[in-house]
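Should a chain be cited, it is by its letter among A, B, C and D, assigned in written order, with residues numbered from 1 in that chain.
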Amino acid sequence: MNKLSIAPPLGRMDLLTMAEASQLVKSANGHLAPLLRDCALAVLSCGSHADDANDLLASNQNFKLEVVGNGPLISFLLTSPPPQAFVDGEIIEGIREHLYAVLRDIIYVSDKLTHWRTRGDSASDITFRILRNTKLLDEQPSSPLAVCWGGHAISEHEYDYTKEVGYQLGLRGFDICTGCGTGAMKGPMKGAAIAHAKQRRRLSRYIGISEPGIIAAESPNAIVNNLVVMPDIEKRLESFVRLAHGIVVFPGGVGTAEEVLYLLCILLNEKNRDQLPPVLLTGPESARAYFESLEHFIVDALGEKAKSYYKLIIGDPAAAVRYLAQNVIENPRPFNWDIEIQKELQIEFYPSHDNVAKLKLSRSLTTAQLAINLRQVFSAIVAGNVKPSVIRSIQSNGRFKIHGDADIMMSLDTLLAQFIKQGRMKVSGQYEPRYEIV
Amino acid sequence: MNKLSIAPPLGRMDLLTMAEASQLVKSANGHLAPLLRDCALAVLSCGSHADDANDLLASNQNFKLEVVGNGPLISFLLTSPPPQAFVDGEIIEGIREHLYAVLRDIIYVSDKLTHWRTRGDSASDITFRILRNTKLLDEQPSSPLAVCWGGHAISEHEYDYTKEVGYQLGLRGFDICTGCGTGAMKGPMKGAAIAHAKQRRRLSRYIGISEPGIIAAESPNAIVNNLVVMPDIEKRLESFVRLAHGIVVFPGGVGTAEEVLYLLCILLNEKNRDQLPPVLLTGPESARAYFESLEHFIVDALGEKAKSYYKLIIGDPAAAVRYLAQNVIENPRPFNWDIEIQKELQIEFYPSHDNVAKLKLSRSLTTAQLAINLRQVFSAIVAGNVKPSVIRSIQSNGRFKIHGDADIMMSLDTLLAQFIKQGRMKVSGQYEPRYEIV
Amino acid sequence: MNKLSIAPPLGRMDLLTMAEASQLVKSANGHLAPLLRDCALAVLSCGSHADDANDLLASNQNFKLEVVGNGPLISFLLTSPPPQAFVDGEIIEGIREHLYAVLRDIIYVSDKLTHWRTRGDSASDITFRILRNTKLLDEQPSSPLAVCWGGHAISEHEYDYTKEVGYQLGLRGFDICTGCGTGAMKGPMKGAAIAHAKQRRRLSRYIGISEPGIIAAESPNAIVNNLVVMPDIEKRLESFVRLAHGIVVFPGGVGTAEEVLYLLCILLNEKNRDQLPPVLLTGPESARAYFESLEHFIVDALGEKAKSYYKLIIGDPAAAVRYLAQNVIENPRPFNWDIEIQKELQIEFYPSHDNVAKLKLSRSLTTAQLAINLRQVFSAIVAGNVKPSVIRSIQSNGRFKIHGDADIMMSLDTLLAQFIKQGRMKVSGQYEPRYEIV
Amino acid sequence: MNKLSIAPPLGRMDLLTMAEASQLVKSANGHLAPLLRDCALAVLSCGSHADDANDLLASNQNFKLEVVGNGPLISFLLTSPPPQAFVDGEIIEGIREHLYAVLRDIIYVSDKLTHWRTRGDSASDITFRILRNTKLLDEQPSSPLAVCWGGHAISEHEYDYTKEVGYQLGLRGFDICTGCGTGAMKGPMKGAAIAHAKQRRRLSRYIGISEPGIIAAESPNAIVNNLVVMPDIEKRLESFVRLAHGIVVFPGGVGTAEEVLYLLCILLNEKNRDQLPPVLLTGPESARAYFESLEHFIVDALGEKAKSYYKLIIGDPAAAVRYLAQNVIENPRPFNWDIEIQKELQIEFYPSHDNVAKLKLSRSLTTAQLAINLRQVFSAIVAGNVKPSVIRSIQSNGRFKIHGDADIMMSLDTLLAQFIKQGRMKVSGQYEPRYEIV
C-alpha cells in the first residue's frame, strides 16, 4: 500500500489558527471529501492521457485522500496516487501547489459562502474575496493579462493557431488566463511560454480559472502557475471579465457562443462603455464559418451596432494580437471594480419550463435586456440539447414555450443548425428543436 | 488651511471589497475616530521632541483626520498635520506605513473582536489572527528575532548599554522586536541597525508592538519597519513571547519586573520546558542593584530553581549576546504555537478589593500557580501606587487584604522599597504600603 | 531598404572605454566582418526552418551587418535582417542577447588571443578568461549543471528520448548545457524547460557553447539563455568538462564517439580520479547497438576497466537520471580547475601523413597515453572519411601508415564498419579503409 | 599569536586565472606589501577612535598581513588584527568587503598602470577602467548620486549641518558619495542612512572614493558600502565629477577651496555648459564667512559670471537640497563621458620653482585657462605652507616668483589671510607669504 504525506508549499496553509485548522480538517473529511478527492485526482493526473474524467476515475479506484491536521499545520495523506505526479517519491512542486489550491478554494468557499450570503454580500464582493484569498490580487500587475476563451475540443489545426496567437501575445508581454483545460485553454499558454522565454521574462503568470464541475473532468495543464477554483460558472465568468486587460475568443462550440453573448450583455450596457477590455474574435480560415454564423446571429438579434463591440480577425495571429495590444487597458488594475455586471448575469439561470416561459424576447426591450434574455434562452436550448435532466423534462412536459418575436428565434434556430453542420456541436441522430414560439 | 490626502502604501488597503471599504470608512469616522486621530498624531510626530503625549496633543490642536472612501479605495485626509512627516509635500514612506498600520489594526480588531469572542475563539487564536493580518507572519523568518524589554525612562548611560547590546545582536544576525517607544525600546534597534549595515544585511526586521493606550503617548521610533498595534497588554505580551527566538530584559521599573514575573509564570509550567526562548537579563553596572533585588525576591518567593530559567549577565554586552546566540531557538517558526500560556495570563486582572482578597499566596500552591497569583498581587500593588482609580478605591475601602504567607509578602515589600531607593519608581512623598496580610 | 539599429541588452557592452569601443568597431568592420555577419545571421534566424547553413546564407543575401560606435556606446546596424527575429519592429530580447554574445566572444577573443598566447597563458587560463568574460561564472551555481552531448541528426524517436531525459533532469533540478544546435543538443533543453516550469524554478540556465565553425551552420535554439562562442573545438570541449557536474552522452555518430574517447583520456588519468563528474551513456533501445559497438571497442582497446568510468543505461530515462543525480558532484563550483587535461587534448591535431605516422598504438604505452593516441588516430580516420582536404591528401599520398598493434586497429575498423551499418555515418559508395598498419 | 584567515566575500576575487592569482600573490607580498598592510590596517580599524594614522600604526605594531594563494583562490592571513573588526572570530562582512576592495584596487592598478600608460590610454579611460573593475558601474543607477565635499576637521556644529543635509538628500532619494573619511565626508552618509530607512529604501549606495595616501590616515567609515581606492588625487577628483548627478560643497579649508577651483575650471569650459551636475555650496551661519571669502576671490579673479556656475545657500538644509533636486541631472548615467576635463587637471602639478615661474596669471588669458593656472598657483602656495619638501625648497631658493597681474595675486593673498583668521588653516607662528609677484 503506497501512502504519501504531502506538506503544503512554502507559505501556504501554514498560517491557520488552531480553530481554522481543525475546522478545515473536519470539512475536508466530511461531506466535501468526495468532491475534494475527485478534484485532487484531476490535479495529480496533470499530463496524463486519460481521455475523459470517467477513464481517470475508473483507472484510479484505489486512490484515497485524507486531510490530516497537526495543531495548526495541515497536510494531505494520499493512498495510491497517480505515479506521474512524483519524482523519486517527491511530489512535483507545481502539482503540490495545484493540490493545495484546490483545498484552499473548495474548503474556503464552502466554509464561508453561507455566511457571506446571509449577511448580504454582493456576488462581486464574493468573487473578489475568493480571488483575494488566492493571493492572485496581491501584486500590482506589471504586465497586461489576456483572457483566452474557446473550445476544448478544437481540431489540431485550430489548436496550433491558438498556440501561435499565444506566442504573439507572449512576444508582446501579455500574461495568459484561461479556463484551465485543453484545446483553446492550453494552446495560448504553451505559445506564450515559448515567447516569454525568448523575451527573457521570468515571472510570467499563467492563470487557470476552473470550477468544481469542470476540473474533475479536465486536469489543469502543467503550465498553469496560478490555479483558482471558483464555486460556479457565473463567478468564473465574472473573474475573467474583471481580471482581463484584453479578451481573445477562439472558435469553440455553443458554450463559446454563449460566452460571447455574455460579453455583449456587458458591452451593451452604456455604463461600461469605457471600462471593458478590447474583445478579439480570432481563428484560422477553418473557423471563418463559425464566427460568421455567430456574427450573423448577433447582427440579426442585437443590431448592426453590436458588431462594433468586438473585432473579428481571421487567419492572421500577428495582426490579431497587434489589435489587442493597441487597445489594451492602460494602467491595469488587478480587479476592475468599475464594470457593471447585471444581476441576471451573476446568478444561475435554471431552465425550467416555467422560467423559460417567463422570458420575453421582444424588440421592445432595450438591446441590453434583450441580450440578457437571449443568453438565458440560449442557455435553456443548449441545456435541452445536452443536459440529461433537462432533456427528460422536455420529454415529459413538451417543448419549451417561448414568448417572443419570431425573427429572433429563427435566427437562433439557424445558428444552431449551422453549428451542427460545421461539426461544432455533438448531437446524435437527427436534430430536433426543443422549443416553439408562442 | 493645510489639507493633505494620503494614499495607502503600495499593496496595502487596496484589496478591500466594496462592503469592507464602506464599513471601514464608517468605523473610522465613528466612535473610533478620537482614538484613531490620537494614534495617527503620534505616528506623524515620529522623531519630534515633544516630552509627552499631553504636549503632543496640546501643540497639534488643529490636527484633524478623516478616512475617505472611493469605491474599494481608502485614503486619509489630514488637516494641519505635523510638518516633519513630510518632504516637499510628500509624506515620508515609513510614516505612511505606520499611519496605515494604525488604521489596519485598530479598525480590523474593532470590527472583528466581538464576532471572534462570541463564537469562542481562544485568546491565542485572536492574537494570531491580528498578527497574521499584518503580514508579519507571511514569510518564514530567515533570521532569529530578539525581543527586548526594559524601561523607557532609563538613564543615558543605560540607554547606551542597550544600544551596545543591540549592536552585538545585530552583528550576530538577530532582528529586533520591542515595545516601540523610547529608552530600552529604541536603543537596541539603533545599535542593531548600525551592525546590520556593517554586516551588509539589507532586509532586517525592526518590529514594534504597541498598544492603543501606549502609542498615543509614545511615537514609534523611525527605525520600526513593522508596526503592530495589539488591542490590549495581554495580547501584546503573548505576541512577544510567541514571536521571540530570544528574550532580552534590560533594567526598567516595576513594569519590567512584572514582565519578568509573567515570563516566569510560563517558564515554571513543566509543559513549556523545551519551548521557551532563552531569557537574558542584562544591564551595565548601574543596573546590578536592580537585577539583584529582583532576583532576591524571585528566589525568596519561587525558590532557588527559578533562577535557572534565565541568565543574568552584568556589564558585558558581547558575553550577554553570545549567551543568547548559543541558546537561541533553532529552526525558528514565525509563531510558536507550542508554548502553553495559562488563562490567567491572557485576561486582564482588575485589582478590585474583592479580586485581591480572593488571591491565595501560599507555598501549598504549585510554584507555577503561586507565580501567577503573585503577578496579580504585584499588579494590584503597582496599581495601588500609580493608578488614580485604584488609589481612590483604597482611600475609600482601606488597604487591600491579602491572604497569604507572610514571608512572601515581606519579600515583595522589600523589593518595592529597594526600587524606590534605586530611583526605579516615581513616588511622591513617603511610601506607604497599600496592603496588609491576613 | 529595411535598416534597423539594435542597441545592446541592458548591462552589456555599455561599459567600454573610448579606446575599447573604437577598437571594437574597427575589428568588427575589418577582417572579422564576414565571420561576424554569418554568425549574426545564424542567431537572427533562430527558429527558422532552413535546412542548412547554405540555404540560410542563400536566402539572406541582402542581409548586411555593421557595428556602429558612438563614443563608448556600440550598436548594430542591420540591413534586411530575417523578419522572424522582430516583433512590431522591436528585436526579440533573447535574440538581442545572442547577437551581442556573438560580438562579445568573437571580437574579445580575436583582440586578445595573440596577446595571451605571446605571454604564455595556458590553454585553461584562456578558456577560463573567455568564460569569465561572458559573466557565466559570476554566480555560484545554485543547481548542478548537466552537460549533454550527442548527434544533431538523430531520429525523431531518439530526439523524443533526449527530451524525456531532459525532463527527468529538469525534475531533479539540473540546469542544462549543450553544444547549442538541434537534435540531442535541443531535446534535453526542451524537456528540462517543461520540468522546470512544473517544479516552479524560474532562474534556470540553458547554456549553449558553440564555435564559429558550427554556429553559422546551426542556429542556437530559442531556449538557450547563455550563449558562448568558444574559439575552437578543444576549448569548447574543455569548457564542457570543467563546467559539468554530470555528463550525459546520447547516441550520435563518429563525432560523439570521439567525444567519449576524449572523456576517457581524462578519466584514465589517475590524478582526475575524484574530480570528474559522473558520465552517463544513454538512449532508447534503438541506440543499444550504437553504444554496444562503442563499448566493445573501448574494452578491446583500453581494457575492461575502462567500462567502470561511465555508466550505460538503455531505455530508462528516469533510472538514467537517477544515476546521474546520485553521483553528481557535490558543492558544485562554477569552473573545476582541479581536473588535469593533457596538453595533447588542448591543441588541435592536424592529420598530416607525417603526424599520423609518428603516432604509436602499442599496449606498451600507459592506457591513458594509448587513449590519447587513439583519439588522434580516430580523428585522422574520421577526417580521412569526411574532410575534403584530407581525402585529397590520401588520394595523392596513399593511405595513412599507422605503427601499432594490429588488434587495436582491427577493433577500430570493426567499430567504423558497424557505425556505417547502423546508419550512424554518412558515406557514399563502398567504404574503403583510409589506413594500413605497419 | 592570533592568526586569522580571511576568505573573500562571495563573488569577489574568486574568478581569477591561475596566472592572475599567482601574480597577485607575488605583487601583494612584494614591494606593495607595506602600502597594503597600512591600508588594510586602516580598514580593519574602522570605528576605532585612534586620533590619527600615526597612533593607529603605533598601537598595532604586531599587525601583519599576508596574501595567500591556493590555486586560483586568494585569501588574507592576518596576524594580530584589531579585535573590533571581528565577531566571535568572524570578520564583520563590511570590513571583509573593504579589505578586498583595497587589495583589488591597489594590486589591479599597480599591475596594469604601466601597461595602460605605455600604450597611451587616456587618463579618463584609466579612471573608467578602475571604476569598472570595482563593479560600481555595473548597474544603471536607479537614483541620483550626490557627491559631497568638505573638510574632515570641521566643528561639531558644522558636522551636524552636514548630517542634516544628508538627511534631506536621503529623504529625496539621493545616494551619497564622499571622500570616505570623517567630518563632511561622514555626516552626509549618516544623515542619508536615517532618511533612507524612513523612506524604506533598502538598496542605497554609500560610495567612498579614497586614495592610498589618505586611506591609511583615515579609516573609511562604517556606512560606506562601496569602497574605491583611486591611485592618485586627480583620478579621484575626475571620478567624483563623472559619477555625480549633483555636487555639494561643505565648508572646509584650503583643500576644499582648491576643489571648488577645480570645478570652476571645468564649468568655465564652454563645451561643458550642459554636462555638469548642479554645484551647491552650503553650510550653517558659522560657514558664511568662509564661503563669502571664497566667493569674493572667485569674482575678483574670474569675474562676476563665475558666480552663476554654482549656488550658495547658507543655513537652510531643506532649501539647499531642494535646489539640488530641482537641478539634478536627468536620466543619470553611471559615468558621464561627455564632460571635457582639461589635461592640466588630469596630471599632478609639482610646485618646483621652475614650474611656478612658468605659470602666467594674466587677464589676457581665457578665463578657463586663468582658472587652471590659478589652481596650480594655489596648489603651489598651499604646498609652500604645509609640505615639508616644498617649505625646504623655499628656504633654499627663496620665495616663488610669479609672473602675473598684481590684483589677482592680492586677492589670493587676502583669501589665505582670511582663512587663517577664520581658523580654517592650521599655521604655526606668523604667516609669511611664500611668493612674490614679478
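Simple rule for what comes next: a residue touches a chain if its C-beta (ideal position, glycine included) is under 8 Å from a C-beta of that chain, and two chains touch if they have at least 3 such contacts.
The structure presented is a predicted model; accordingly, all values stated were derived computationally and were not measured.
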Chain A to chain D, fewest steps along touching chains: 2
Between chain C and chain D, centroid-to-centroid distance (C-alpha), Å: 49
For chain B paired with chain C, centre-to-centre distance based on mean C-alpha positions, whole Å: 64
Pairwise touch network: line, ring, star, complete, or other: ring
Touching residues (chain side chain B, partner chain D) in the complex: 87-88, 92-95, 97, 168, 171-172, 193-194, 197-200, 202-203, 222-223, 225, 322, 325
Footprint of chain D on chain C - complex, ascending: 10-11, 15, 17-20, 71-72, 121-122, 124-125, 128-129, 132, 137-140, 334, 337-338
